[in-house]
Structures are given as C-alpha cells and as structure tokens.
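Labels run A, B, C, D and E following the written order; every chain starts at residue 1.
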Amino acid sequence: MCPCGSRTRTETVRGPFTNWYDIRGVHNADLIRQFGDAYNIHPLAQEDILDTQQRPKLEEYDNGIFLTAQALLVDEKVGKIETEQIAIFFGNHFILSFQEKEDDNFAAVRTRLLTPHAKIRRRGADYLAYALLDSVVDYYYPILDHVEEQIDALEVSILSEPGQDTKSSIHQLKRQLLTLRKAIVPLREAVAKFSRIDSPQVKDDTLVFVRDLHDHVIQVMDTIETYRDLVNGLYDLYLSEISYRTNNVMKILTIISTIFIPLTFLAGVYGMNFKNMPELGWKYGYFYLWGFMFLIFIVSLLFFRRKKWI
Amino acid sequence: MCPCGSRTRTETVRGPFTNWYDIRGVHNADLIRQFGDAYNIHPLAQEDILDTQQRPKLEEYDNGIFLTAQALLVDEKVGKIETEQIAIFFGNHFILSFQEKEDDNFAAVRTRLLTPHAKIRRRGADYLAYALLDSVVDYYYPILDHVEEQIDALEVSILSEPGQDTKSSIHQLKRQLLTLRKAIVPLREAVAKFSRIDSPQVKDDTLVFVRDLHDHVIQVMDTIETYRDLVNGLYDLYLSEISYRTNNVMKILTIISTIFIPLTFLAGVYGMNFKNMPELGWKYGYFYLWGFMFLIFIVSLLFFRRKKWI
Amino acid sequence: MCPCGSRTRTETVRGPFTNWYDIRGVHNADLIRQFGDAYNIHPLAQEDILDTQQRPKLEEYDNGIFLTAQALLVDEKVGKIETEQIAIFFGNHFILSFQEKEDDNFAAVRTRLLTPHAKIRRRGADYLAYALLDSVVDYYYPILDHVEEQIDALEVSILSEPGQDTKSSIHQLKRQLLTLRKAIVPLREAVAKFSRIDSPQVKDDTLVFVRDLHDHVIQVMDTIETYRDLVNGLYDLYLSEISYRTNNVMKILTIISTIFIPLTFLAGVYGMNFKNMPELGWKYGYFYLWGFMFLIFIVSLLFFRRKKWI
Amino acid sequence: MCPCGSRTRTETVRGPFTNWYDIRGVHNADLIRQFGDAYNIHPLAQEDILDTQQRPKLEEYDNGIFLTAQALLVDEKVGKIETEQIAIFFGNHFILSFQEKEDDNFAAVRTRLLTPHAKIRRRGADYLAYALLDSVVDYYYPILDHVEEQIDALEVSILSEPGQDTKSSIHQLKRQLLTLRKAIVPLREAVAKFSRIDSPQVKDDTLVFVRDLHDHVIQVMDTIETYRDLVNGLYDLYLSEISYRTNNVMKILTIISTIFIPLTFLAGVYGMNFKNMPELGWKYGYFYLWGFMFLIFIVSLLFFRRKKWI
Amino acid sequence: MCPCGSRTRTETVRGPFTNWYDIRGVHNADLIRQFGDAYNIHPLAQEDILDTQQRPKLEEYDNGIFLTAQALLVDEKVGKIETEQIAIFFGNHFILSFQEKEDDNFAAVRTRLLTPHAKIRRRGADYLAYALLDSVVDYYYPILDHVEEQIDALEVSILSEPGQDTKSSIHQLKRQLLTLRKAIVPLREAVAKFSRIDSPQVKDDTLVFVRDLHDHVIQVMDTIETYRDLVNGLYDLYLSEISYRTNNVMKILTIISTIFIPLTFLAGVYGMNFKNMPELGWKYGYFYLWGFMFLIFIVSLLFFRRKKWI
C-alpha cells in the first residue's frame, strides 16, 4: 500500500482507529491514481489533486469528503510568498493527504499523533482532517505578522526618506496581499461548508472545532482586508509626501529666483556701455545701488516670511 | 473559589440570584483553567480567553453562553487606541468575566450592583452580561468623539497651514479607524447573534435590551464608516491643497522670470563691447531703454492680470 | 394631561378617533416621563426620545409602535444642514410625537387635520404616523435640490476660476451628503420595517401609503448616492483642472526661459572684456549678432509651435 | 372616453381583446384624473403619473398592475440625455399608457399593432405592457452606443492632444452615465418583480418574454457599469497624461537651464571690470574660454543622454 | 437535415445515443430558423442565437435546455481580445450548437468524440453540453496567462523607463479585463443555474462535472478581479513613478539654479561700469572674488547634501 516513488514521499501513520497516508509531491501521477483508485476517489477529485492551481474547496462524495487548501510558504531569499496546494480526502477510518511539494507542512500534527497518550490519537479521521487544515491556517499568522512589519517599516521610510525602492515595495506588498486573499477567500467558503456539514463521516464533536477554525479563517481575512486598506493608504501617503516635497523644492527655487533675478537685472543695467548714464558718474552711485539691492533683498525676505515659506 | 494570583485580581459579587466572578489579567493561565474547569467551560472557549487576539464572537454551549469583545483604551500619552479583550461566560446563576489587563472596565456596573435597591440586582446573569457588554460599547462613544475632534482639527489645519505632520496625522487617524472597525465589525455579529438567541439562559425581557445594544453597535459602526469617508476626504483635501499651493508657487516664479528675464537680456545686449553699437552713442539712449523696459514690464503685468494671476 | 413646561410646548389635537399629543423640546425630561408613563412607553423607548443622537428605528411593543427619524433643518445663515430628532409613539387611538427642538416640523399635517372634512381626519393613528413621517421625508427634497444647485455651481466655478475656497466647498458638500446619508440609511430600514409590519395597530390600507413612502425614501437615498458620486467627481475635476493649469504655467515659464536664456548667454559673451575678441571689431558684428539672435528666437518659436504649446 | 385636452394628445387603439389608451403630456391633471377614476387607479398611482420624478416601479393592485419607467431622449442640440416618465396601468382587457411629453415613444408598437395579422394583436394587455416596456428599453441601446463612441473619442483625444475641454467632457460623460444608472437600477427591480409576478392579469406565456426583457435590462446595467469603469479610467489616463507632459516640460526647462546657466555665469565673470584679471590679457583667452564652454556643453549633453532625457 | 449554406458550415456527429449538429456562422438566419423549427426552439431563444450581443444565460424549456456563452478569441495581430457567441440547445437525444463565426471552437471535443472507445461517446447530450461549455472556459486560461505576462512586463517597464506608451498600455489592459469580466460574470450565473438544475434532460452524474466547471468559472472570475486590482495598482505605480521623477527633475533644476544664480549676480555686480568701485582697483580683488564664489559654491553643496538631494 506504500509504493514510494523516487521523489514522491509517502508516510503512513496507523492509529488505533484511523490510518493516515500522507503523499508529498504530486508530480507522480501514477501513485496518486493508485491511491485514488484504491480509496475510490472520484475522477474529478483526482484531477483536482494533480492540478495544483485549484481553488480551495470542499466536496462531499458518498465515500468520503474531499477538500483542498493553499498552504503558504515564504521564500526567504526573495521574500516572496508562494502557495502550495494541500488536498485531503477522508472517510470513516482513513485519511489521505496530498502535499504539492516534498517538504512537510504537517510535522507538528505528526508529532502530536506520535505522542503516546495524546487526545488526537483517540479521535477519528474527521478530527485529523480538521487538525491538518488548522495547521495550514496557523501558518498564515506569522506571514501576516511579517506583512505588518513590512507595512510599518514602509510607513516610517515614506515619512523619513522615500527613495527609489519605496514605490515598488508598496506594489510588492500589494501583490502579496492579493496572493493571500486569493488563497483565503475560497478557503473561507470551504471551511464554512465544512462547519455546516451534515455527513456520517463527520462527528458533531468535531464540528465545534471546525467552527472555531472558521472563526480563525474569518479573522485572517479581516486582517488581510485591513492590511489592504493600510497598503492603499501607503500609496496615498507616498503621493502626498512626494507632492509635499516637490512643493518644498519649488519654494526653494522660487525664493532664490525671486531674490536674485531682479538684482542681477539691476547689475546688468549698470553694466551697460551707454555713453550717457548719469548714475555711473555719481560718487557714491555704486554704494547707493548696493543699498537699494539690499533693500530689495530684505523686502523679498519679508514677503516670503509673510507667506510662511521661510 | 477565589484563589487570587499575585497580579491577577479576582473580585466576586454575590447577588441574590447570581454570583459574578470578575478575573482581571489573563496571564495567569492556571487560575483561568481552575475557573474554567469548575464551570465546565469548553476547552476551546478557555483557549479563547487566553488568546487575547480573538475576534469578538458569541458561542452557545449546553451549560452557558460564551462571548468575547474588545474593550477600548486610549493611551493618553501617545494618543493611541489600544484594545483589551473581555470574555464573558454566563449560565443560569453565575457569570464569569475575564479582563485581559488588570485595570477594571466594569467599575460602573459594579457600582450600580452595589446600590441597595437597584433594579439590576433583581435581574439574572443574562442581564448582567448585557450590562457588561453595554458598558464596553458605551466606552466607544467618547473615543469616537475624540476622533471627530481630530478630524475637524486636521481639516482646519490643512486649509490653513498644512505642514510636515499633516500627512502622518491623517494616516494615523486612518489606522485608528481601522483598529476600531476591526473591533466593532465582529462585535456587531456577536451582538446580533445574542439578540436573536433562543436559549434557556436568556430571558425574553433581556432580549429587548440586547436589541437596543445592537442598535447602539450599528450606530457606532455607521459613525466609524462615516469617519473613514471623512478621513479619505482629508487626503483628497490635502492633495488638492498642496497642488493648489504648488500651482501658486509656480505662478510667482513664472511672473518674476517672465518679467525680468527679457529685461536682463536687454541689459546684457547693451553691456556688449562691440565697437560699432550706434545706440550706445545716442544722447538719450539710456533713457529710451529704460522707457522700453518699463513698457515691457507694464505689458507683462497686464498679461498676468488678464490671466488673473495677480 | 397637558402640563406644558416653560419652554417645552405641547399641542394637542383631538380627532374623532384619535388624540395627537405633540411635544416640542425634549429637554424637559420630567414631562417626557409623565407622558411616557401615562402611555406605558417602554423605558428604553423613553430613553431614545431623550437621547437626540438616536439612529432612526422602529420598534414594536405590545401597546404600540415606536419610531424615530431625523428631520432636517438648514441653518440659512451658515448654510449648514442640521438634524432634529423626531420620535413617534402610536397605539390604537392615540399618537404621541416628540420633536427635539421647539419649532414645529408638522405644521402642514396640523393644517390638513384642522380642515373640516379632510380625509386624514377619518383615518387612524397609524395613518397619522405615516403622514408625520411623510412630512419629514418631504423636507429632504428641497435640501437635495439645494445640494444639486451647489454641485452645479461648483462645477462651473472649477472649470472657470478655481479659487482658494473651491476645495473647502467640495469638502463641505461631501460632509453634508454624509450627514444626509447617516440620517437616511437607517430611516430606510425603519420605513421598510414599517411597510412590512404585521400589527393590530396598523391597518392594511395604511400599508399601501407606507410602501409609497418607502419608495420615496429609496429615491432620496439613490439621489444622495448619485450626488456623492458627483461630488467625488468634482474632486477629480478639481485636481485635473489644477494639474492642467500647473502644466500651462510651466509651459509659459519654459517658453520664456528657453528663448531668452541662450540669448542672454550670447549677450554675456560679447560683454566680456578679453583683449583679443575679433568679432567685437567687425564693422557689422553687432548687427550680425542681432540677426543670429533673431534666428534663434524664430527657431525656438517654431519648436514650441510644433509642440503645439503656442 | 377620449376628452383630448388642447396639448395633451390621447390615442386609442381598440384591439379584438384589449383597448389601449395612450395619453401623452401629463400636465393635464384633470384628464389623468378622469381616466384614473374611470379605471379605478389607486390615488397613489395617479399621483405617481403626475409626479414625473418617480422612481421606476411596479405595484400590484386588485384591479390591475401599475408600472412606471424612464424613457430616454437625447437632446441632439446639446448632446444631453433627458428622461421622460412612462406610466402604464393594465388590467384584463385594457391598458392605459401615460407619456410625460407629447412626442410618441410607442410609434413602433402602434405600427405592429395596426398590421392586420400581427401576433401582437392576438395577445392580451399583459403582452402589450411588455411590448411597451420593451420598446422603452430598446431605446437604451443606441444611447449606450453613442456613449461608447464618446468614450473612444475621448480616449484618443487624451492620448494625442488633451485640451481645455477634455476634463469637462469626461465629467459630462460621467454625469450622463449617472443619469442612465439612476433610471435603470430601479427599472431592473421593477422588471424583476414583473417577471416573478403571480397575478391573474399576467399570463404565463407573457412571463417568458418578460424574463427575456429582464435579461436585456441586466445587460444594459452591466454595460453602464462597464462604461462607468471606463470613464473613471479616462480620468486616471488624463491625469497621468498631464503628469507625463508636465514632467516633459520640466525636463526641457531643466536641460536648457542646466546647460546655459553655468555658461552665462562664465561669460559674466569675464565681463567683470577688475583691473587685474590675467586671463583677459592672454592672446587666445577668448578662444580657450569658448573651448571650455563647449566642453561644459558636451558634458551636460552626455549627462542628460545618460539619464535618457534626450 | 443538413442544408449547408454557402458560408455557414454545418457539421453533424451521430453518436450511439445522441446526434450533435454544429452550425458555424449565424448570419444565415434561414438555416437557423429551419433547425430551430425542426427542434421546436422557442422563438426568443432563436432570436438570442442570431443576436450575437447576448448576455450568457441558461433557460429551461419543456423540450430542452438553451444556453449561450462568450468564447474568447485573441486577434494576434492587434493583440485585442474579441468575443464570439456560442449557443447550445440540447434535449434528450440531440444537441445543437451555434457558433457565431465560421472557425471551430469545438475541435478538441470533436476529436475526443471520434476516438472509438472514448467515455464521452457513451454519455448523453447533457454531458456533451458540459464538454462544449468546458472547452469554452478552458480557453480563458491561456488568455489570462497572457494578461498576467503583460501586467508583469508593464510593471517592469514602469519602474525602469516609463514612456509615452505606458499609459495607453495600462488603459488597454484595463479595457481587456473589462471585456473579460463582462463575458464571465453572466456565464458564472448561467453555469450556477446549470449546476443546480432539476430537469429530466440532465442526469445527476453530469451535475458533478457541471459543479466542477462552476468552480473553474469562479476561479477565472477571482483571477480577473485580482488582475483588475493589479492593473489599478499599475496606475498608482505609474503616477507615483512620474511624480518621483518630476520631483527629481525639479531637484536638479533647483540645485543648478541655487548655485549659479547668486554667482552670476556677483559677476554682474563687478561688470558694472560705475566710476567709483573700489574693489575693482584692488590688486587681488579678482582672486578674492573667485574665493568668495567658491565658498558660496561649497556652502550650497553642503546645504543640498544635508537635504540628501545629492
């Protein structure tokens, strides 16, 4: 029952009531088909396992419940959020989980299961399905915290020293939140369906936990929406910061120009070579002119002071 | 029944029909667990008490009703709004309240309870739960008033003298409103659920009051949405103000440049040292030039006057 | 039954089937309480009458129906829209109306009632409640017309001569529309509830009229939403107008600078005092230079003409 | 039965099963009242016919169905969209239509009716009501096409030569779309109500056609929403176009200034009259300076070339 | 039964249980009518086949189910997305498909059908209808991928070198997404209706596949909405990029002007021809001035360095 492919890893945990088969790496289509046929997974559900671009969903079949979700991975090197598809199919005494890539998203659950007297050991496949989904959702929180830190850092950077990268950082953040939202919106629908399910495969006790999970998913969605509002606010902040700075740059230019252009004109006038320019012959003409230019200078300063530019 | 921890304070009010245990400071997990187990609080609800980042919600259990809400605190020093989680669990003859921090949000209710013939004394745990929630919601009003004052002040400041801080003040206000909304949206759902509840623990008389509370929560939400619109309007106002000012700065620069640049050119021309420049030898050449330059000056002024710039 | 306070006015109209008590000025809490107790108004409803910041709503009680609405007042002096709370409580043979301020919103209804053979006299308290609400809603129309005039005036002003006040006028209009919307949204809910009511106090004949009122309220809301879109459009229009103007200012500055800065440079060159500057000695050097500068001037003009700036 | 007023025209078509009375021009209130009373139209519906600002709606009465809609007129001269109210009341064997203005919106239907063996002649009043509504909705399509042409023309004009009128044209288009939407949104509700009606006055056969009409109305609404998005996009396009152009204008100014301001400074330096300025005496000083200035010129060009400005 | 018009092609596939007639090119109205009448297609449905601007929809008739959808075509030459209407009518043992244009959208399905032992051959007309719709929806994916590539390319281009075309490219993309959305929104409704259908013409087995198709359509819609958000984000990015660049251009202009304008003024002063200008006679006056001007230059540089402009 465990024909491990070269790169696809299969791990089996046999509990007192439930067997859990965890298949990692869905590129081995043959293996998926073997499991799928052995457990009578509907052909469409089998296709959904292989197609890793599926929208999270939950479908009830006669012999079990099939659900998919998007687990999140942060590629630390480029700081990009990537998604990995998780598919779960469980019936009365078994649960199959399919992870798109080979690394394990369910290590924490496996550890709890292997603890000798853990409560999770005494519960059925439905509870295990909840536990797996829960561990997927739990991973959203640190990512959201990471996003929040980035938002705060960007906000500080915009108000202190907006640079070349700021725009693209905001845009990057926006894309990340869109990725997150695209994963969580359908997951919310699927978990809501799970929490209202009326199926022999799911016990009422478990539904209390699924409703709790549903609360968590809604909280994640609320937080994502709030962050989206914040990121859109960052754009506004950035644009108003740049406008404010351009305004200030213009003021400096205008102050310098307004003061010196008339003075330069005056200097130009007395640099002319007309034969008959009486002022040039005055004994203190030069000094009178300096005085006049100083007067213009002071008046300009007062003008800008009254406008509260300086 | 009242094992007070070193920093967690527990206060008990025993009424004729109902005992109220108020636990402040949820960092003492053991104490929470003792109370929780004594009153058969569901493990998930116990977790919700300890996890202070819960979304406000209401859950019905067989032995009582569990609800959480976010009380608001304004940190006067930095003017920041903070939230504190309140959890309430009540059954037929008891009510437990858990406050995240040690300071008391329920002083007003306690005072009313201790008044000898107060009506609240004769009512049950359900009414007390309503009263506690009501006192939490009541505290939203002064905070909203505070926000409104800030909006008005910002509006005046933008139209008179938008400065370096204006942008970040608007952004700050936006964040505060997002915090408020994140607390109130799920609270509305929880209170709506409370107001429609059909449970032996809640009497019909009390539901009238809960519906009234529901109206208040909706009113708070309406107000928050209105303020959010206003704050977004402030951004528009700020940007148009800055654009208008930049436009004015540009006009001053353009007026000064347009007037003096041609004049300076003319002065430059007659400052040239060509041997053969007839005008330089004219007796009144210098004065003719002044007249011509004055003419240009007047024409420029008329041009800008017609454009209504000056 | 009519203990008029010093400033609170009470007016009673006794009809063949129904008595109408109209209390104006709700600051006289004692009087309200007397009426409230005499007609068994629920304590919460009594509080709602006194608290003039209530959200419009409708509540059914055993002995009657209680509803509140926001009447609108335009303060002609400052052109600001203010709201005044109206509360109505009616049962089978009586109707009480409470107006927040002392001036009368119901003069038109009273006149119709006092007309000897008016149909309204033969109808019950439910129809009178409709008539009072209707007269409140009727007053929204002239205010909306006033808002529309302001929008049109602002639009003309933005396209012709946007000034210092334009921004704040747009903002002011936006606030007014938010005030209107805050009053009308819950009123719509209340009237919808009224139109679907199934109560012994309301006859089916009256419901036809209430549904008609509901249509009017929805029409008011549609209009407010349309105006909000228009006002937001005014911001866009204003910003694009200012951008367009700044662009034009920049063009003037650039044309003047691009033409004269190179010419001034040339004049500067031939104003230098180098011993050996052959051109200065040429007989027609000065005139050649004028010709060259004229050429530059023409080329610049052609350049800007091709760019369609002039 | 056909008392034609001086300007109100009444046209009657008597079919085998149904009589159709078409009243054009609703300013003749007396005539409306005569018809209304003869056919027992509810007083509120009669008021709705006269009040030409009604929201499209559909009301069921015991003796017939009353509905209103907004027909569209394009005032060719000013290119403005105007609305005209149409009211229809039909029972088992009669249909009354009221057109706000005197010109005929129903010419096409009348032509079909007068064709001897047309199917429409054999159908009842309900089908005729559908046909009239349908002819109203049909007129929306050419208007939407006209709007689309305007959008396309504006887009081209913004990208090639945005002028003084562009802003107001976009704004005008936005207003037109708001007018359209205000007419179509409630019409959709009314037609939806019509398509789900369960009334002895409407046959099931007719409902198939009304559902088809409903599809058309929804399609019109979709198109209006799409156009609104496009028009909002035009604003964005306009603003980014103007920003781009301002940026280009600034570049030209900066290039000219950056090149010539330092050169002018140098010319100014060697125009000074200091006694002791060694360079002035150099034999080739003037030519060295030209070389140096040419060097600065080339370096500036390279600088701007590297920035990809030229 | 196969009267092929000159340009309208009809292709018939006779299966064991079902006959499929595929009519390409709907301009041959007579042919459509012949088929329509032979299979009793409702006149309204026949009109919908001919009117190629129909909104995707699904209608149940007694003798079969009628549905329309928009297939997508990318005009490779101009890179524009065009839509082509597909209409399908199927009953118990037949299916008719109508393609607006003559090229074939269903080649893949036809190939599968002609494969001897394909499962699709053993299923009924309902499954074939699903397969045809599915092949239409499948074609949306490569188009969305194409859009995503364009978004990515534009993003890079905006951040590196936003040019004249960028604005119109963003606008173009926005229009394409609006076209896509206008096709997919009603298709979602139609497929949802299909997936919930309760009709003798559709077997339960098929509904599982239709629900899967529904998931795909919703996923396409989610993706379109995400792309719309991204494209709107590109506008923000573009505007902030241009603002940032304008700000930088202004800084260069201001730096050059602020440094040289005062220096030029000083040079102008010492170019004046006053008789009595003591500094001109100083032995090292010229060199002192150079030193002073160098000082101003350094101070200016330090000023801009402190402002972090250079």
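Going forward, a residue touches a chain if its C-beta (ideal position, glycine included) is under 8 Å from a C-beta of that chain, and two chains touch if they have at least 3 such contacts.
This structure is a prediction, so every number in the text was calculated from the model and none was measured.
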{"item": "Count of contact steps on the shortest path from chain A to chain D", "value": "2"}
{"item": "If a chain touches chain C and chain D alike, it appears here", "value": "none"}
{"item": "Interface sides of chain B and chain C: same vs different residues, half threshold", "value": "different"}
{"item": "Gap in Å, rounded to a whole number, between the CA centres of chain B and chain A", "value": "24"}
{"item": "Rounded Å distance between chain B and chain E, as computed from the means of their C-alpha atoms", "value": "38"}
{"item": "Residues of chain C whose C-beta touches two or more other chains", "value": "239, 243, 246, 250, 253, 257, 261, 264, 268, 271-273, 277"}
{"item": "Chain contact graph, described as a line, ring, star, complete graph or other shape", "value": "ring"}
{"item": "Contact footprint of chain D on chain E as seen in their complex", "value": "42, 44, 53-55, 57, 59, 161-162, 164, 167-168, 171, 174-175, 178, 181-182, 185-186, 235, 238-239, 242-243, 245-246, 249-250, 252-253, 256-257, 260-261, 263-264, 267-268, 270-273, 277, 279-286, 289"}
{"item": "Complex contacts: residues of chain B adjacent to chain C", "value": "155, 159, 208-209, 211-212, 215, 218-219, 222-223, 226, 229-230, 233, 236-237, 239-241, 243-244, 246-247, 250-251, 253-254, 257-258, 261-262, 264-265, 268-269, 271-277, 308"}
